[in-house]
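Here's the structure, in structure tokens; my notes come after.
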Amino acid sequence: MSFPLLTATAVLPAAGAILTAAVPAARRTVAKWLALLFSLGTLALAAIVLVRFEPGGDRYQLTESHSWIKDFGVRYELGVDGIGVALIALTALLIPFVIMAGWNDADPLETQSKRWRPTQGFFALILMVEAMVILSFEATDVFLFYIFFEAMLIPMYFLIGGFGDRAHAGTDEAAATQRSYAAVKFLLYNLVGGLIMLAAVIGLYVVAGTFSLSEIAEMRAAGTLEMSTNVERLLFLGFFFAFAVKAPLWPLHTWLPNAMGEATTPVAVLITAVVDKVGTFAMLRFCLQLFPEASKWATPVVLVLALVSIVYGALLAVGQRDIKRLIAYASISHFGFIILGIFAMTSQGQSGATLYMVNHGLSTAALMLVAGFLISRRGSRLIADYGGVQKVAPLLAGTFLIGGLATLSLPGLAPFVSEFLVLVGVFAAYPVVGIVATTGIVLAALYVLVLYQRTMTGPVKAEVSGMPDLKARELAVAVPLIVLLIGLGVYPKPLTDIVNPAITHTMQDVNKQDPKPEVEAAK
Amino acid sequence: MNTVAAAASTGEAVQFWILGTVAVVGALCTILLKKAVHSALCLAGTMIVLAVFYLANGAYFLGIVQIVVYTGAIMMLFLFVVMLVGVTAADSLTETLKGQRWLAAGCGLGFGVLLIAGIRHARLAEFNGLARANAGGNVQGLAELIFTKYVFAFEITGALLITATVGAMVLTNRERTERAKTQRELADKRVRDGKHLPPLPAPGVYARHNAVDIAGLLPDGTPSELTVMQTLRERGQIRDVSHEALNDLKALEQRSEERLGRDTDSHPDRGRDHDRAEEAAK
Amino acid sequence: MNPVNYLYLAALLFTIGAAGVLIRRNAIVVFMCVELMLNACNLSLVAFSRMHGNLDGQIIAFFTMVVAAAEVVVGLAIIVSLFRARHTASVDDASLMKL
Amino acid sequence: MENLIALLVAAPLLGAAVLLCGGRRLDRAGHWLGTLLAAASFGIGAVLFFDMVGKDAGDRALHQKLFSWVPVADFQADIAFQLDQLSMTFVLLITGVGTLIHVYSIGYMEHDERRRRFFGYLNLFLAAMLLLVVADNYLLLYFGWEGVGLASYLLIGFWQHKPSAATAAKKAFLVNRVGDIGLSIAIMLMFTTFGTFAFGPVLGAAEGASEGKLTAIGLMLLLAACGKSAQVPLQSWLGDAMEGPTPVSALIHAATMVTAGVYLIVRSGAIFNAAPDAQLVVTVVGAVTLLFGAIVGCAKDDIKKALAGSTMSQIGYMILAAGLGPIGYAFAIMHLVTHGFFKAGLFLGAGSVMHGMNDEVDMRKYGGLRKYMPVTFVTFGLGYLAIIGFPGLSGFFSKDKIIEAAFAAGGAQGWILGAATLLGAGLTAFYMTRVMLMTFFGEERWRNKATASPAEPDVEPAAQTHGSHSEPHPHESPKSMTIPMIVLAFGSVFAGGFFAIGDRFANWLAPVTRFEHPHPPISVPVITGATIVVLLLGVAAAYLQYGRKPVPVVAPRGSLLTRAARRDLLQDDFNHVVLVRGGEHLTRSLVYLDHSVVDGVVNGTAASVGGLSGRLRKLQNGYARSYAVSMFGGTAILIAATLLMRAV
């Protein structure tokens, strides 16, 4: 029995959460440093996982398996494939930045007593979310996955509802109501999805008699798994619905703008860059692996919905007045790309989608956090309240621009690689879909540049004139992200090397081959 | 007669039909009469009837206990409380909750029908009678069971009773926060307050009527509340000196004067008295 | 006559008592109605004991009485203190049990 | 040798990185560093060039693979370079002109506190442009392609406090993005057709593919070219791009970036050769644009916008030539190079003029400047002669060749294209003469009337030097600005002849682009003669209008065509009405829909549930008796249920 590395990776942040929450109210800073420390520790563990993982090796590695609920054959089974490793790395990487970015977001206001407790809770909850997300990336037992998939809603709910964005229009009461509205909306959407998924999970157990991915895969391979077409389709829909809500896919997306708009910026990043990835990840791991036929059956509809998400999200982003909502809709558009890539059922598409999850995490984090710094300076989320920032705070503007360029997937920055892979993958299988999807490129450029132009350029607005440039802490957040974006944009090979084998497996699950080129090029 | 026939005799039947009717009527009165006292009395009646039925069913011990404990103790307790709360405090039977009465009636009706239907449905065997059971005497039989089979339940009921008494005391006992005032202090207080320096008039001081709950008349004929005991005053149970009372009072004086053969104007003060009394009557 | 009639009578009394509980507002009367219901039960118990020819029914009835006695003591105490507190014995006045 | 290629790109990239991240401490030396690195890159280019010349024509191409970029299954994109004669030509042009313009900018941007960043952007542009031309596969080319787009965005919007500049930058980027769709779709098509998108394999196997696919690829590449090279219908951004500092207009929007489209088409020659339909479209686009640009150029009073129109038109020539296939490729590139020289020279001249005129750009407020800025006058004049194709100068050779090739296209197509090119030559002569006359001749219209600059006071750094807006004091620009102009003037005089004699240039490119001699239906001297006649006509016409009569300071209303041409032939108005307005309406209605319908459904459900529970809440009235009733009823129901169970 080797050291349970995966468990440790998830337990460490959980322990950190408990310790952070236990810090006495007055010792706020201690709690912050504690949280940061634990998140860094998790990052270190994730790095070890990354190193210990052999891309060429078995599909699931570093596996752990203990019997948990005997009567229902629920097992505590952990294991990671390339996709899981990549996403765990992303999560562990982003959390420290999230914590650093939110360093002061949960501090008591002047009106509140200095013994205000929730500051500790804020960081504790973030760590708790991290633990849950990591576990759901690791779980190879459907039931276990379901538990963490749902459990992460609880800390998220409190993060959204409990800690609002300090920069809001209107009175505190109005902000509070909007915030609780957003939180409840988030919770309800995901709970409904989770409920339907629970039904499907139980149904799966009834059909397969086990929750273990590996066992089900074996049964499928041996042909001992009798699952009628209709049953498979129903179960697929059950799972897919939950993931589509989480992802979010049009038309189940409306919770995201509210949640991201009302929550503090770090939490917004947490939602879109980390938590939502669980949805797309689960599509790739569970939907395709458990219900290959149904997945293929549903492909046309899913592709159309994804297309709608891409164009619709982008267009709405153009129409937004609120910076954070704009970024939220942009994310919806990007999630459309991810789902498109997954269901293109080509190596390029799926591997591109996986890269996309990672890169979108980085790019959105960069853009959103810098936007957060901007908002915290002016105390407004409305684009119209800014202008000419570039003149007073060039660093801020520069980092913001790079984040934006990453969002519009400029070559040389990480998202370009993934987006192009997705497009190529889709185009190879469904040319028309691919062509329509490319319009997303232009729209992305439109909303990013409009945002940049209205906030950063033009004559300097009076309210903006005194705005300080990025401070050390903020640079410590922005610069590493940008470096990563550029690094992965120019040399993504390490990532693709990890991801590709997993994708090969997935392609085998749905037993699809890449379409062959028309003429064999003269190599 | 310590053996009860399995099937009830005709005598018992007659008894049942007569007393049963009484019991039902009593029950109905219990819930329909306005005054709590009347309800209580009707209930007591019903209970006595039930006691008789117990006896008829060979539960001699219970029958007696029913009379002694229930009708004797519990119902009296009820009456005491009723007295405390106010005998004449009649609560109006007008329903305040909307539809409550109809719902209650409906539910009750349905419930009763269902119970009866259930009993009919249960197709019970005819009675075995208590002949054997009561062979060694009903009380002995009960005692035997209580101290053997049901001993634990019995002990527990003991505990329960103790708890109940303690509880009752705790609930009703009002903690005295300060020492009771002595006569002297009370007197000083009266002086300080400045009203009623003389002691309160004893009930019916100036009374021309012998009931504690009727205010006596002041010399000028106005009734004085002070002459009625405090409890009744608080409950608002003062019967006022009604107009008739004053009238026949006047008549009385009239007659006495005629008998004594005095003319009215020879007693001017009395005439004044009359007028004032009339005014009071108005 | 079939002694089952005792049961019918018991049922009748019980129902009347229940209805009383629902209709009356005066706590004391409500309480009396509860007693009435208890007695109805006792009657049926006694009748049962006669049917089955053993005394268990009477025992139960006996315990019922004891419990009823205890209950009356406490209940009346409650009523009294309630009356002291708010000078009324109406159960509707104690209607704070809502949101 | 191969490793130098990477260095070629790395040098300016390093410059960009250092300058942009370096912070204020580099403000003093930054521009020197930038210029130095540009020059270094030029030096490397020269070294590679001489090495290449040393080899014999067959194996002059160099290849270098740095590392595998995006490997996924069959999709293998490498960071790999290829340096053949075509790339080499561009490398020299880019680094050469680039270096000159760096030097020029030292003087031009002297008083801008953000000069360091300006040089950083310039270096970034050089790196991206070099990457574009030395890439050995289309994806890497796309990398460079978007890179130059970014650089152009940053440089057009360099004076971001000017809303007009920011808007122009955004517009340029967006229009380019539309073109980029073409490029990306072309790459996807290549991937699905050939399973790769590296130059060698794709172009090698081009004949193997079905013509339909090739036509599609060709058209998509053309779309990309239109975006980058400002060809109809995606030309609208170039005019606005003149918001950028003049050196930028010279380097990016005249000499190098805008010619990337030509490079793309010539580079993909093999595909176009096999797809005649695509070629036809290319030539049509070229012809239309060259006339379009010329007409626009005739009407503009803003000197830079006039030159921009001319650029459009000249690139139209190149695209047209590139569309003619092997007979045209070489000439397209040749014209591209010569155009690089003289157009850059003209722009620098214009910059120098503005520098001396308080950044006045309206030619109607110039006039008679030749006395005040002789060097500018001479260099500008030489550039002028070159562009109109004055016999003996660069433009003459390169343009004449294209006209010949156009006629040689054969059939009606040949005649039409030839006619178009001839007409274009005439128009070129007209509008350039117009620019020349309005700027350097005639009476001094800037005298004793305040030149109200359209831009805010601190727009161009030069403005701060001659602070006030009163009467400008025209003066010659500093050495750092004149020297590059002189060098470029030399280029624009001699380059054409040097290239054209004995088809030296064509033969140099032949290994890459398969050169064929054009055989026009009518003899070459006749065409040459016709060209000269046409351009003389153009000059004459311009002289009659602007040389004889005085030029009104306020532009006359002009004919319908003139007014249309002033507004870029209404293309922008069309875009605004159809795309911008339509888009705004679309987004607004979508926002409403998202809120009311998509979200409304959910909120509606929530609301109804809330209302129901609110009504149920009333049952909790707090009266023990009513609770008792419900309990009682419940008991009754239970009994009923049990009875029924029994009964059943």
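Chains: A, B, C and D, in written order; residue numbering restarts at 1 for each.
Convention: contacts are C-beta pairs under 8 Å (C-beta built on N, C-alpha and C of every residue); 3 or more make two chains touch, one makes a residue touch a chain.
Computed from a predicted model, the values in this text were never measured in an experiment.
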Lowest number of touching-chain links that must be crossed from subunit C to subunit D: 1
Central chain (by mean CA position): A
Of B-C and A-D, pair with higher C-beta contact tally: B-C
Centre distance in Å when subunit A and subunit B are each reduced to the mean of their C-alpha atoms: 76
Centroid spacing, where centroids are CA-atom means, of subunit A and subunit D in whole angstrom: 37
Distance from subunit C to subunit A - Cα centre to Cα centre, in angstrom: 65
Length of the line joining the C-alpha centres of subunit B and subunit C, rounded to whole Å: 17
Contacts with two or more other chains, residues of subunit B listed in rising order: 97, 100, 103-104, 107-108, 111, 115
Two or more partner chains touched - positions in subunit C: 18, 22, 25, 92
Shared-contact residues (touching 2 or more other chains) in subunit D: 621, 623, 625, 629, 632
Every chain pair in contact, whichever chains are involved: A-D, B-C, B-D, C-D
Residues of subunit C touching subunit D in the complex: 18, 21-22, 25, 91-92, 94-99
Parts of subunit A lying in touch with subunit D, wherever the complex brings them together: 185, 188-189, 251, 253-254, 312, 315-316, 318-320, 347-348, 351-352, 388, 390-391, 398, 405, 410-412, 416-417, 420-421, 423-424, 427-428, 431, 434-435, 438-439, 441-442, 445-446, 449-450, 453, 456-460, 490-493, 496-497, 500, 503, 514-523
Of subunit B, residues touching subunit C in the complex: 4, 7-8, 10, 12-13, 16, 20, 23-24, 27-28, 30-31, 36, 39-40, 43, 46-47, 50, 53-54, 57-59, 61-62, 65-66, 69-70, 73-74, 77-78, 81-82, 84-85, 89, 91, 93, 95-97, 100-101, 103-105, 107-109, 111-112, 115-116, 119, 124-134, 138, 141-142, 145-146, 149-150, 153-154, 157, 160-161, 163-165, 167-169, 171-172, 174
Of all residues in subunit D, those that touch subunit B in their complex: 621, 623, 625-626, 629, 632-633, 635-636, 639-640, 643, 646-647
Subunit C - residues contacting subunit B, complex: 1-9, 11-20, 22-26, 28-29, 31-33, 35-36, 39, 42-43, 46-47, 49-56, 58-59, 61-63, 65-74, 76-81, 83-84, 89-90, 92
